[in-house]
Amino acid sequence: MVDPDEIVAVIGKTHGNGLVNDYTRGFLTQSLAFLISGVTGETPDAVKRRIPFIFSGGVEGVLSPHYSVFTVTESITENAEKALAVGVAFTPELAPGDIGRQRQIDLTAEAVTHAMQSANIQSSADVHFVQIKGPAFTVSDILADADGKPTSDNPGKLMGLGRAASALGVAKALGEIPASRAVEAAIGKDFGAFSSVASCSAGVEVRGNEVIVLGMSSQWSGPLAIEHAALKDALDTAGVRNALSALGFPEALQLSNEQASRLRAVFVKCEASRDGIIRGKSHTMLNDGDIDQQRHIRAAVGAIVASVVNDTAIFVSGGAEHQGPDGGGMIAIIAERTA
Amino acid sequence: MVDPDEIVAVIGKTHGNGLVNDYTRGFLTQSLAFLISGVTGETPDAVKRRIPFIFSGGVEGVLSPHYSVFTVTESITENAEKALAVGVAFTPELAPGDIGRQRQIDLTAEAVTHAMQSANIQSSADVHFVQIKGPAFTVSDILADADGKPTSDNPGKLMGLGRAASALGVAKALGEIPASRAVEAAIGKDFGAFSSVASCSAGVEVRGNEVIVLGMSSQWSGPLAIEHAALKDALDTAGVRNALSALGFPEALQLSNEQASRLRAVFVKCEASRDGIIRGKSHTMLNDGDIDQQRHIRAAVGAIVASVVNDTAIFVSGGAEHQGPDGGGMIAIIAERTA
Amino acid sequence: MVDPDEIVAVIGKTHGNGLVNDYTRGFLTQSLAFLISGVTGETPDAVKRRIPFIFSGGVEGVLSPHYSVFTVTESITENAEKALAVGVAFTPELAPGDIGRQRQIDLTAEAVTHAMQSANIQSSADVHFVQIKGPAFTVSDILADADGKPTSDNPGKLMGLGRAASALGVAKALGEIPASRAVEAAIGKDFGAFSSVASCSAGVEVRGNEVIVLGMSSQWSGPLAIEHAALKDALDTAGVRNALSALGFPEALQLSNEQASRLRAVFVKCEASRDGIIRGKSHTMLNDGDIDQQRHIRAAVGAIVASVVNDTAIFVSGGAEHQGPDGGGMIAIIAERTA
Amino acid sequence: MVDPDEIVAVIGKTHGNGLVNDYTRGFLTQSLAFLISGVTGETPDAVKRRIPFIFSGGVEGVLSPHYSVFTVTESITENAEKALAVGVAFTPELAPGDIGRQRQIDLTAEAVTHAMQSANIQSSADVHFVQIKGPAFTVSDILADADGKPTSDNPGKLMGLGRAASALGVAKALGEIPASRAVEAAIGKDFGAFSSVASCSAGVEVRGNEVIVLGMSSQWSGPLAIEHAALKDALDTAGVRNALSALGFPEALQLSNEQASRLRAVFVKCEASRDGIIRGKSHTMLNDGDIDQQRHIRAAVGAIVASVVNDTAIFVSGGAEHQGPDGGGMIAIIAERTA
């Protein structure tokens, strides 16, 4: 049983295409806000201001729609070891002209720092996943902000620039890169400047960046732990294995059902490599006019990860600009600690 | 260097959608027929009558377009062990009204038997892969054969019925099921009646069933071997592993580059499970109006297999009706033998 | 200003694909139910039981998302002539096994009769448009009703069977066909049995058939009138013209802006002709694996009607089984009466 | 009967998506080159060097796949009036780095002038249609030309820049704009700089710009005439009517069958308006992640034109950058002259 007052964040995958015209993210946000408000007595708007609902559209291939609800209970407990900690924060509203700009980078960095502090996570090294949902805009929104001079009038491209700026904000806040590289000019150019723990999405259903920081803290207790690892490319099952090993899962081609029952959430970020090549052979994702490259890569990497962890309810998000190594991405896993 | 006179079959993946309106299969067939005819002096039509060109459209996700060329050289060699053998055959032309019917089942069975004999494969147990390409028809083709009473006027559905009938023909020829179950009435009903080695496609570019039988024979020599395994469901990496183990590959999450260099071809058949469930969790492939279920499942299972064998140039075909266990499929792998 | 208490029906076009996995219909329904409930003090569920919200997804090509709100004010007025009248009704819930069955035909017919009576429309000849939204089901819904033996386990096909049964119910209620032809066996076979005023949709967001009857009645007053006409095929601009002429619009290639300002709503039903031919030339809509035939035909016929009436905010719904002549459809137009 | 030696150009619509990964254009080109070479004794390559085959993919909605074959017979005839004239030319090969650049503008202008001269068209005012097919490139092609610094690494975007440069080349050659506006810097900026007769496409199947100029000349005789008109926006049936009127067709909502039998070819260029608005109402074409904007607009404008001319075999091409007024496009019609 979930106590709605204890919910602090929700992350999930919905049925839409995950692109500009995906309304399933907003639909689920609205549905949950009304559901919770009906129990807590808050207004739905107050619920949305209190709880970041971060949904990514697109459950291609074997992926299963689902969402993970994070709840926190206040208690006084002796801690033998660090436990999963969660903090949230919101930036001010962003206009189309702010997307992919220094303002988005800096506001995101501030929000990440704030969320980390509110979670009592002492060190950046203890942060394993930062999920961000920033705003996307339709053509008419973009044109209406002519004064802001948006960096692109292509809605899909602007989504990507926003993901990139958000990722650089995370990297800056956590000290993964020096502030001098967390700049607007690095977007789409300096791919060595990336965050290893950022996962950034965009959607028309939000107007500012919503930030969820997940890490380990000695101020928290509970049965759960989180770890992360880089994915070097789309086939990097060794990366998946690294995250699993850090959580104490034994080596195997695929987790057994019993092992998989320890999993609480799996978050993956990935992208179709920009040079059209994976391990020396060409892919066709970037030339396809029928299926967007993000849907292709989510289907592929989602299935690969699902096959290793023996679970299809994993969060997979495409568009990994400055989120993990170029052409790759990252994975974070929450699991019950072994005894 | 390939000697065009020695080519006996070509199997590959092309760039199209793999559905009714995929013209990339026909384009590549025409291109290769002209290319070969320019060297051998045959007419392009003679080339097409001699060599089955079996292409499957759809290189979703990480998959890489490619084709495998099978060549045979006559020689007199002492054989220490069995080697890869290949045989081909063609059924007579099939009309829309023949698709998914007993006539297609029986003609396919005859052709498989003929191809197996021509390959000097003694036992059905030595057959590891039977690739079939049968005809697909557009709406106007179907309506033009009103006398034949086609089993469906939906072009995509008729493709599926043709794949099913072809698979039952293979199962009958190889004795995988008794003749009493290789009947029209079993199609789409008796899913326990299947072939473990059949991989059936359909395309508008052919008018009869083209059959390629691959197996092991003591009458052949050469460095290659073939093995196959069933895939129980979309996440069945253990099945992939079974085929690899039969070929002597050591256990690993992923083949190393050196190990993968032994691979010559990987053929996979798969399908979106009919009940909308994979290992207890729902998938959305059957309800998607934007991306066909076959494109979803090829992207997913193709990526999973690619991640295990460390190669993206694998042949993955969707629509596994009566080809492997229901909801799963099969895999066949050709590799250089270990010394 | 709309008084929410006076709203009796809403019909509109939303941004989704109009197929099984279109959640924009449900999203708008939920949004409006909450919006209205916030003003009237009803619960959102009570709003949904009182007001049929009938949305069709898919604003392809030039079409513009929009919705038409029908409000009714009680008054005592002398009537010189008949005016637009509206009545609504709901059938009981329908299970997957009811779809495309006699039960759906008969319950729909009863609901139409009921809605017509509640609208005080005396004669069937005065009914010009009957909009129905019936339930659609996903694969898992369909499989869960195994006892009901649904007529198809293909969600998209089942939507079409439901539209057909609903249309036959309308035709039966209005006496357009004898009850002996309004039978389950006629579906997909007896295409001469159709309703000239029915427009039927299906969506996962409803569980019974929701019925809106629009016609002319001397019991009503107001500035609006409605007329309808058959569309013989996808290019039948003469049909569009017939409906306009009945409302007193002068002949023209395209209405002027001033003329178009009289329009209040335009409803169109259309389909890709089953034989793959329009006026002797082939179309490709039925063979396309990338874009569903309904999206194609809505884009085409929607644009044609928009070009004649000089307005892109028109309701266009695909899937015209037994709704207008085979291969065509129908059009109904609400406009201010000329003085 | 067509004499293959007399064929000078072929223009048509094929079944593909009309985007980067459309191989139906190349397939038909190859098929016709082989067909013609089999009769004339030329090599297929020589046929392709002699005859421009310009195919546009995408027969959305009611559109019918077809191609128009232009043949020319030498004769000595007294001319009472001007008749349809055709001239062709080819630019040198263009690399990815040339696309959307001054070099493409200028080479195209030279080729247009050359084609016009070869057609003996005396005045620019007599040119009514210039069809150009330029090269498109996949991601790997683009990356391989890093020295050329291609203006975009997005294949679809590069196609658009190439269409724009080609159109400016036509406008320059015909004196529609001064040379000072036919510059690289005008692309995507100075939308007042456009050609009223240009229709530009791009495809991976060609490597230079192929140019077909159609106009009227007193040096030619024959029963055919060509006229053109601007399309101000997607609903501009008055523009269609203008072209018809110039050819002597009487006013009508739709041509009768007898009238339509005079038509020989209809060419249309159109685009989804950049501001997301048509006549004051929003469209959704630019925000759609499932269907490309070009497929939407071809379906819509193609259907509108088809409904006016009573023929679905019309050539409709999307992507009208600098081809006709911004947000609109152009139409050219070839018809038998009235007696």
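As written, the chains take the letters A, B, C and D, and residue 1 is the first residue of each chain.
As a convention for this text, contacts are C-beta pairs under 8 Å (C-beta built on N, C-alpha and C of every residue); 3 or more make two chains touch, one makes a residue touch a chain.
The model shown is predicted, which means the values in this text are computed figures rather than measured ones.
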If I list every residue number at the interface of chain B and chain C, are over half of them used by both copies, so same, or under half, so different? same
Among the chains here, which has the CA centroid at the largest distance from chain C's centroid? B
What is the distance, in whole Å, between the centres of chain A and chain C, each centre taken as the mean of its C-alpha atoms? 41
CA centre of chain B versus CA centre of chain C: separation in Å? 45
Counting only residues that touch at least 2 other chains, which ones in chain B make the list? 15, 17, 21, 282, 284, 290
List the residues on chain D that touch chain C in their complex, please. 15, 17, 59-66, 234-235, 237-238, 241, 251, 253-254, 278-279, 281-285, 290-291, 295-297, 299-304, 306-308, 310-313
Under the touch definition given earlier, write down the residues of chain B that touch chain C in their complex. 17-22, 138-140, 143, 153, 155-156, 274-277, 282, 284, 286-290, 292
Complex contact set, residues of chain A against chain C: 15-16, 21, 23-24, 26-27, 30-31, 34, 44, 290
